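The structures come next, written out as structure tokens.
Shared chain: subunit A. Partners: subunit B in the first complex, subunit C in the second.
This part shows the complex of A and B:
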């Protein structure tokens, strides 16, 4: 237990842990001390001088953002001297600030605007010519308007410390100082947009969002990003039924305010012009638009007919549909069609890990554990590219708690920059780390798709031999890969077998693109595809049913660390239906009575019926999608932002990616 | 080597006693004139004894702040497992100050000997001389001197068999006034942008490369050999209480014999102007004096009967600063003077913190406008108010350095500003737009 310190802020007795900064102590006491450059979790700057307060016995005003509390300290945050200091600091800030609030993206949610409103003076005494520089574009998504910049250095710090990228710096001196990319005129970075988000004013603006709306005209919909397995909460700004931006400024969710380029910008696939908005049916060899009624009736009739004659169904489920949809699909196949050949693309050996742990549920790490555990071992994954949130958490853990990070990968990764040991190789290379790991108080092991089947059992045995508490994360790739593995129950043909089988009568694909890199064995099968776009698989279909994306529906998804989170519907894309609704309508058409197809009801049913261990998948069918920060399975190609940034398609282990799957 | 100015009989030559000897910067001449005697003596002393002598000398930092040197040395944790560094602040940039360049040009080895003694005291074996970028010729000279010292065993491994290792490197600044601020200097030395660091930790605890660092001005190190050789008490006796020794005063401005003179601490300012400097130029009347570099509040003529030491000037609400004494005669336009120094500070503000970055630029624009004859009656109060709002609220002392002289000029010469304004209304010139 840390020692507590007693102090007095504005006449309020406050008791806080020793070492706490005064600005945080005041926050705890419900007293606001204005700030620009101070930012929780980043290094101290003390540049904006907004947080100056009066401490009794101090010779002059002191900045609250760098002063640790002390016993008996008496602080005034609202004395006339402090109020004057704030007023003049804002006057200084506004001296060269353009005051183009009426056209500025930030207007309405600008920290400078708020501060001036609350602490500033109404009029300006500055009558000189303002300093102006033209706006610059640093990348397709990042614009910099120098005159608006107040030089709080938040962007520089979040890029350097938070992301470990360090793409920004400062040029010039004095009043003409500017933030600038270290590459000179453009950014080469993660394009995550954290700099834009953290900017207290409208100096950094987003290429995807600028000039589209005022902040108060949007509806804010907190949902889960659909691009990777990390399960970041993203708050969609929806205006007139369309998404105009995504961020998570309220820091709700497991990711705080972190988002990568996909979470922040790649929602634009929703509005892509190739988005399917009507069912398609093959007529005379060509796919033609038909009504939902016709498409559903055709599918239902075909399914009933094949079921009737004891024909064979092969079903490929999705890695990014909701748990409810996955569950309902399994139920549909098992109870409705009497089939058992259902599987999905597995990107990591979750089932193998759960089997190897034999019921030790406390040995599964959460995203939170990555921030608090003293030691972390990464095996076979380029986290910064493939699991950006996990990488961010580990970096924050290193910065704030000096965590020891061990890396075992086939090639260079960003974690090498601060790891205590980096070894090039695979699972066989962990042996020599044992002595160092035994000295750690606790460990989280993250492993990629190279560790599967027996190797997982070996890894868990290695963890057991260390004699310290060890938790594990089996790294999987898609937004609901983990959830798909969790509800997977069928014992029929596996993924590759379904694709290769030559005797399927119906091949049904929901939210997946298996035919991108695999031929379909059953040439004569009736192919039904539920998809957002006309993918390689959809093009092969007899009936294509246009599905909603994760941003347009409710339900739950499970992230890589097993955390179940709710989706909230934001925009609406006319002509599409959620996969769950499609299942419900088909089974209704078939007269099956599989139950209500509302997400909440299905979740209730899942809670009551789902029990027991997961069936272990064949290790050879497990392979990572090798998506980078700039790819997203078959979805990435429909995001204009992801295709516009120069860093795409990205590197894994420092090498260009090739052969994406699904 | 020709001296820049003739010596004066009133000078007390301690640091400058080798000035004027031919080739005084060379090792041979240095050794012939009791060079390295202090170092040899210090080799036989315990570190605490060296620091005690420094404390006894009453030597106060010559860079401007006047912090007691012995105390600063004692703050360096000698037992720290990290390497300890010595850094010489030779980034002499304060307008009106030109003493360090002479000490490095005429007697660089004296400074290096002082650094070596400091090395013995704080267990440091590596030193950097951070030289102002404009002093390019001095870096070349220092490098030659350092090479000679290495070649003849006065630097490097086990100096003359003493078992004491000492390395010295020069490092160039790049023309930034801010890099004379100690922590900005350290950032610049480490290869970063020259902006000040948060204090604490102070450099004595975490300075260069986060290691304990003794960072001191050229003149301070140059005084060390004399203190060790002749004892701290002897040095202290030269000056006034709490202000030991002599000080290099740089006389410039409207004066008959400008130059750098070594005078005892506490020397009377009027005597300095009239007897050492030969009086105000052309027999004119004295108007004001900047006592210690442009950052110090100015003294009006009637305030100049004052002892030049840290305490007396502090009492007069000014500062001894870095010893740059600028004499202003009756012809000086104080509006122009205020504008000129603000142009300097606005140019040199590093931009780190808001009040300095915006305040200096705003003051500069306002003063230029005022000077160009477009002032209004509100401007005088505005100038005073902006400066006061900067004072004590900036990240480092640069903001204070810009605010203090401005406040003093407006306060002491307000009538002149008002007269200027009245005159402006009849002699308005075309306005000059100042964008930056």
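This part shows the complex of A and C:
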């Protein structure tokens, strides 16, 4: 227990732990001290001078953001001197500020506006001509308007400390100071847009959002990002049924305010012009638009007929669809069609890990554990590219708790910059780390797709031999890979076998693109595909049913660390239906009675019925999609932003990944 | 980028002088010495200092942009720095600067065509007791008058011939 310090702020007795900053102590006492540059979680800057307060017996005003509390301190935040200081600071900040609030993206949610409204004066004594520089574009997603900038360094620090990129700096000095990108006239970075979100004013603006709307005209829909497996909450700004922005400024969700380029910008696939908005059916060799009624009737008739004559179904499920959809699909295949050949692309050995842990549920790490556990071991993954939130959490852990990071990867990764040990190699290279790891109070091990099957058991045995609490994360790739593995029950043909089988009568694919790199063995099968776009797999279909994306539906998804989170529907894309609704309508058409197809009802049923161990997948079928920050499976092709940034398709272990879009 | 041997030795010593992990402290002195050797701060120098001190090139650029004694274009062989801060201003520093500008035919932070001289107005150089003062490269000249400035420039020009 740290010692408590007694102090007095504005006549209120306050008792806080030693070492706490005055600005935080005031916040605890319910007293607001205005601030721009002070930002929880980032290093101190003391640049904006908005937080000046009066401390008795101190010779002059002091910054509350860098002054630790002391016993007996008497502080005034509401004295006339402080009020004058705030007014003066704001007058300075506005000296060259263009006050173009009517056309500024930030207008309405601008910290400078709020501060001036609350603490400023209505007039300025400056009569000089304002210093102006033109706006600059640094990348497809980042614009910088210098005159609006108040030089708080938030963007510089979040890029350097939060992201570990350090792509922004401040050049020149005094009135001509400005933020500068790392490549002189443009940025080469993660393109995550954290700098834009953290900007208290409208100096950094987003290529996707700028001049689209006023903030108060949007509806804010908090849902889960549909790209990678990390499960970041992203708050969609929806206007007139279209997404215009994604961010997470309220820090809700497991990611706080973190989002990568995909979470913040790659929602644009929703409105892509190639999005399927009508069912397609093969007529005379060509796919033609048909009505939902005709498409569903055709599929139901075919399914019923094949089921009737004891034909063979092969079903590929999705890593993007919700838990409820995955569950319902399994039930459909098992109970509705009497089949058992259902599987999905497996990107990490989740089932192998759960099997190796033999019921030790407390040995599965959460995203939160990555921030609080003293030691982290990364095996076979370029986290900054493949698992950006996990990478961000580990960096924060290192900054705030001086966590020890151990890296075992085949090539260089960002974690090398702050690891205590970085070893090049695979699982065989962890042996020499054992002594160091034994001295740690706790450990989280993250492992990629190179550790599977027996190797997972070896890894868990290694963890057990350390004699310290060890938790694990089996890294998987897509937004609901973990959930897909969790509901997987069938004991029939596996993924590759379904694709290779030559005797399927029906090949049904839901939200996946297996034919992108695999030929279909059953040339004569009736192919049904539920998809958002005409992918390689959809092109091969006899019936294509246009599906909603995760941003247009409700339900739950499970992230890489097994955390189950709810989706909330934002926009609505005309002509599409959620996969769950499609299943429901097909089974209804077939006259089956598989239960209500509303997400909440299905979730209730899952809670009651889902039990037992997961079937372990064959190790050879497990392979990562090797998506980077700038690719997202087949979905990434349909995000213009991901294809526009020059960093794409990105590097893993410092090496280019093959192909622009996977 | 390789510097003359004595400078390399100086940089080696400099990097070891700071505690482990604080090598970025060497950015300013390294830039100063290297600028004297090269004549200006080039983009290559920025890259090199960044590499040696373990910071990004942008972080070195921040420093170069901030400090006026670091310059990205070549100055003259003799960089005349005239103080116009309070003490010097009261005792004729501004007139001295105006005289130097007229005599050399160049403005503030400019160099003569022959590369002999450059001129800069500077803030306090710590020679208030002998104001007005100026510095020629690293050499101080005290209680300077326009006449004494002319003599200085004459002698420097003569030396160059």
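Assume the second predicted complex is superposed on the first by the 658 of 662 C-alpha atoms of A that agree within 3 Å, B and C clash if a C-alpha of one lies under 4 Å from a C-alpha of the other, contacts with A are read in each partner's own complex, and residues count from 1 in each chain.
Basically, a contact is a pair of C-beta atoms (placed from the backbone, for glycine too) under 8 Å apart; a residue touches a chain by one contact, two chains touch by 3 or more.
The structure displayed is predicted, hence computed values, not measured ones.
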Next item on the list: Check subunit A with both subunit B and subunit C modelled on it and let me know: fit or clash.
Entry: clash
Margin query: I'd like to know which partner A:96 touches here: subunit B for first, subunit C for second, both or neither.
Written below: first
Notebook entry, point to check: So, A:180: does it touch subunit B (first), subunit C (second), both, or neither?
Noted result: second
Margin query: In the superposed model, which partner reaches more residues of subunit A, subunit B or subunit C?
Written below: B
Check: Touching A:420, do we find subunit B (first), subunit C (second), both, or neither?
Finding: neither
Margin query: Tell me the contact category for A:651 with respect to subunit B and subunit C: first, second, both or neither.
Written below: neither
Note to self: After the superposition on A, what does A:166 contact: first (subunit B), second (subunit C), both or neither?
What the structure shows: second
Margin query: Let me test your reading of the model: by the given contact rule, A:88 touches which partner, first (subunit B), second (subunit C), both or neither?
Written below: first
Margin query: Just checking: does A:501 make contact with subunit B only, subunit C only, both, or neither of them? Give me first, second, both or neither.
Written below: neither
Next item on the list: Tell me which stretch of subunit B runs into subunit C once the two are superposed: 24-32, 186-194, 222-230 or 366-374.
Entry: 186-194
Item checked: Overlap of subunit C and subunit B interfaces on subunit A (superposed complexes) -> 169-170, 172-173
Notebook entry, point to check: Which of the residues in subunit C come into contact with subunit A in the complex?
Noted result: 56-59, 61-62, 65-66
Checklist line | Complex contacts: residues of subunit A adjacent to subunit B | finding: 44, 46-49, 52, 60-61, 66, 84-85, 88-89, 91-93, 95-96, 125-126, 128-129, 131-132, 150-151, 169-170, 172-177
Note to self: Quick check: in the complex, which residue numbers of subunit B touch subunit A?
What the structure shows: 176, 178, 193, 198, 346-355, 357-362, 365-366, 369, 378, 382, 386, 389, 392-395, 433-436
Check: For subunit A, which residues count as touching subunit C in their complex?
Finding: 166-173, 180-182
